[in-house]
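Next, two complexes with chain A in common: one pairs it with chain B, the other with chain C.
What follows is the complex of A and B.
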């Protein structure tokens, strides 16, 4: 053990320790953003056959790179497992963690981390066989539930059924694939998981249209990017990159019309896109930071539809993730 | 007389041509009787096994070949009745090379070829300098490969370890770990047999520590705990950390393999070396080590196969080796059709072929090294 630590310490010395200044400065110096993502979650962070990353979480990384470098491709993705994600961030292996991480009080307060906003409001939901004729989750009393073991879903569903004085019998599986197979073979009446995952599990069924996702969402799972505590400048940048893409949608600025808006848009558009005001400069970025995000990555709606929404195989509806004035709860603070 | 003569002639011994063996004791029928239906219980077992094969094999053949889809661009070409080999085909580069830069794949191939050449050289070179040459070759190989794959030292395009992956990573990680663990384990095994209390206790502690902890726990230690010991901003590459962990894990096992080898060398050899006045290291390196390697070879190869298969555990810390890559592929939203069976069958096959090949190689090496029993 001692030898191991010593040897690794030697190895680090050999590789040269670099003390960190501000994260922004470090990122600018290294010339790319180290972004921690999931090793694979459909629609959120996924690799394709060519090894290219895409997804809603990946778009946050691309947005930050666009804001910092003016080039959304200057990102190095690190696929992280759930267990090592926080260590990777704390140890500086990644500059930002954008890995479908639920914003909870414990994580925010006691891990030395800051959550920089919410990019997807998830929550535990239910998928049932259409033949059951169930319309709401309250009709599920006494049913068998397919659950993936070791997830926060287990706690959420047990709370929900106890609250509603209903009973259920849990049939637990190890992986998402097995859970789906269990549901398909009729081992249980409904499958419960995070809503975003329900949709991707549904696609894998031999007849996806035979299953429906119930409207109830029984727990809060707001997913967002995370940064190290103690570097407010970097925290602000990540926070406002998320806000800029939400605000872009609210203002109707898209990757297609962003050039036109920059020229002829309303004062609010011009402020967002850096023609007026000093939003970028105050954060240590160039004036056209938000222009680059929207031009290269798109606004929130474009990113959502492309990765998880109607233009993707997942076909997740906006639901809670619509703008505040369209039935959802997305709301960017004022961009001025 | 004539008749007498002919009688004598006919009395000469003419062997009756051999009759074919009765149907019941030779040929296919007899083989079946002897091996499959030699008793009532054997007959029952045979029938059950046949029934099992008849019920299972046509289904497997139908799934894997007849109803399977072999060509296409995406999963829409596949059906649920048969295997979707399109999935494997589309992801084959990722599964074998990971995300390694497209135009630079020759570097991975070069490393694999170098590895193969080194292995071959270790039992084809002339005996007089085989040991002297192949041991240094093995020991520098991992570093040469790292330099080739990384590229910076050689003026090639830099490829970050994040992009290394796939099955080639399994092979190279296993090889690099076992090669570097050789000197460590050799020293630990010597230390464990040593009369010096300090050397002995350090060796015993190291060996028992790394042998007593599951490799999964060690991986977590390498990926999650080790970074916490470093000062902030100091990063040792994750792959290097895991490589170190693998080396030490392997050293623990190999030290015990070597200890077995040391014990198998007859005491007379040690005494003979002492009596001609060789120093400790001369005795160990010139007299004992060659014999130890010879008797330990089967165990070394078995340990290597074990380590090679253990490299799939790297997936739990997110290293994109073949199974991790497969899981990534399965979670791509364009491939959500549930092609896990195809993927895992492919991984089974590729590992089985490699491990079977290694055991064939192992038995060849054993025969070559088995000089004792040769006349």
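What follows is the complex of A and C.
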């Protein structure tokens, strides 16, 4: 599978079949969106027993489909490991990558990719077995770490231990499930990853209460959707799908009241929902693009609470991911 | 003088038609051949040039960085196990070397044990004992028919992960410890004078070869046999031991001890290496056992009957008559088994053993995003590695091949 993805990438680059421009037309022509997600991470992208995908990252895919087709279900999901994800996007195998991916300079600048915003502000954290009796990360000198290969965590953890003049052994696995299995077997003393992932991996343990997440957050990990460089129209669409959901929450537009707001709302509501102005048309979308997103997927708050927040098994509080005027740093540029 | 004349005459007689049929030059088959071959070579060269050029242009157009400059930048991540020193401030080139050495290590271990297992079970197939024969058949059928990845997972997640944690390790005489973090054994650390012991070991190894050729010569001359195995063992163990005793044992033993989270000191064999080596050896061994069986079956029955009639013992018949002839069939098969074993070692990624594929195509590719360069370098490595195996095995094959007289 991995090799296949990579070989496809090489082949595409070699043959010049690189679909960089006109992604919107391509997507419209094929009738669905190819969205790259994780191979299974509770709260962000996971498949249920009926084969339906859900999660915060999945909601970005659904939002794009709602904006482009007016139908949030027109998505084909592709589960990718951390190692496969960029190649899959570069080669055109997926149209957008929404797979808890950290926005870093190297990825943005030298991989031929563009990050279209942030849907979750995260940071690297630690999960340890309660039995170990460790209270803070500074007690982890000489410990073994379970890490997923090909992630920015690998770099963050190395920096942290070097900074604090501590040593550790990095045991790297291919997928999140293997990493968790390694941790569960006792191969490592702690599992390190983005904090959100730690919570989601923890509920997958056979005894979640046996593990605790340490308070330290040692790096900035802003997670967001990624598109190929060189197609500004598509880049704009994905960027503003993310913003529409955040702006929806800021304006108090929810999936429940969106019809009412569309008719009786303030001018800003009407502009967002396409009654006034030409926001949709300028992007090459229909006027009701944002209406469809909020109606079918919900605003940011609904999506957050449903997938990772209080209405989910993860019970993550909003923290940094609250609106800017509510103690967080979510701030959509002006929708006008 | 006379000879030279004849060769010239022969040449003249067999020379292509050029002089005889003085047709148009394009009808000359030699010129035609050269023309078409040149055309093919130019065509191929252009084809590859076009691919490379197109790739580079496309990469530049889509903003993907290219080139091998990344090799000299710091990697910034750590590797679980390395045969040479490695820190996260070292370069990607060093990552490449670390991965390469780890691949060589696990492949060598795998090839070594797979060969031993293969020969044992391959020969056991012909045992007169029902139990041994059945065990041999069962081994081959079970391990040959289960996907290798599953076997890797089995050894890693089912067998080795079931071991106790470091604080309740299984200990053997308080010196060797086995737990979920791996196998911890004491290490001999040489002090002053240990060099002499190493030199003695070197001399002993050379001595074995001398002993072998001496014994062979003696047997050819007098028919007397020399117990070569015991002689060699005695030499390789006895000589260094003797030197060590005379130099007051210039070694200290570094025992592993539980410190903090895990064992420190001694030698650590990580479970990833154990699981992968086990899986590769057992899986490869099953295939080699079949190769050995095929080889033995290819030796006509008359050969062992003849050996029996001159009074050779059963085990001598196997080792002196049957197996040497069977090698002609076995060696070419071994060649491809060894090559697949090396390639199969890339399954390391599944359990986190830091082989070349895992640390380079896995992590380095992802951190730098330079897929083409990293994959290209890795392909070359596996290609050369397998070419080398092929070369060595072909040399070996020439030795055992039936020489036409």
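Worth a mention:
Everything below uses one rule, namely that the second predicted complex is superposed on the first by the 231 of 336 C-alpha atoms of A that agree within 3 Å, B and C clash if a C-alpha of one lies under 4 Å from a C-alpha of the other, contacts with A are read in each partner's own complex, and residues count from 1 in each chain.
Note that a contact is a pair of C-beta atoms (placed from the backbone, for glycine too) under 8 Å apart; a residue touches a chain by one contact, two chains touch by 3 or more.
Just so it is clear, the structure is predicted and the values come from calculations on it, not from any experiment.
Once the two complexes are laid over each other on the shared chain, residue contacts for A:312 go to chain B alone; chain C is not touched. Once the two complexes are laid over each other on the shared chain, residue contacts for A:106 go to chain C alone; chain B is not touched.
Of the two partner chains, chain B is the only one that A:177 touches; chain C does not reach it. In the superposition on chain A, contact of A:83 is made with both chain B and chain C. Of the two partner chains, neither chain B nor chain C is touched by A:133.
Look at A:46: by the touch rule set out above, it reaches chain B but stays clear of chain C. Common to the chain B-facing and chain C-facing surfaces of chain A are residues 9, 15, 18, 20, 83, 87, 90. By the touch rule above, chain B contacts chain A in their complex via residues 80, 90-91, 93-94, 98-99, 102, 160, 162-163, 206, 209, 220, 223-224, 226-238, 240-241, 244-245, 248, 316-318, 320, 324, 327-334, 336-338, 340. For chain A in complex with chain B, the residues that touch the partner chain are 1, 3-5, 7-9, 11-12, 15, 17-20, 26, 39-43, 46-51, 76-81, 83-84, 87-88, 90-93, 177, 180, 200, 203-206, 307-308, 312-314.
Listed in rising order, the residues of chain A touching chain C in the complex are 2, 6, 9-10, 13-16, 18, 20, 82-83, 86-87, 90, 106-107, 109-113, 132, 140-144, 149-151, 154-155, 157-159, 162, 168-174, 178, 181-182, 185-187, 189, 228-230. On the side of chain C, the complex with chain A involves touching residues 51, 54-55, 57-59, 61-65, 76-80, 88-89, 157, 161-162, 165, 180-181, 259-262, 264, 271-272, 349-352, 354, 358, 361-363, 365-369, 371-372, 375.
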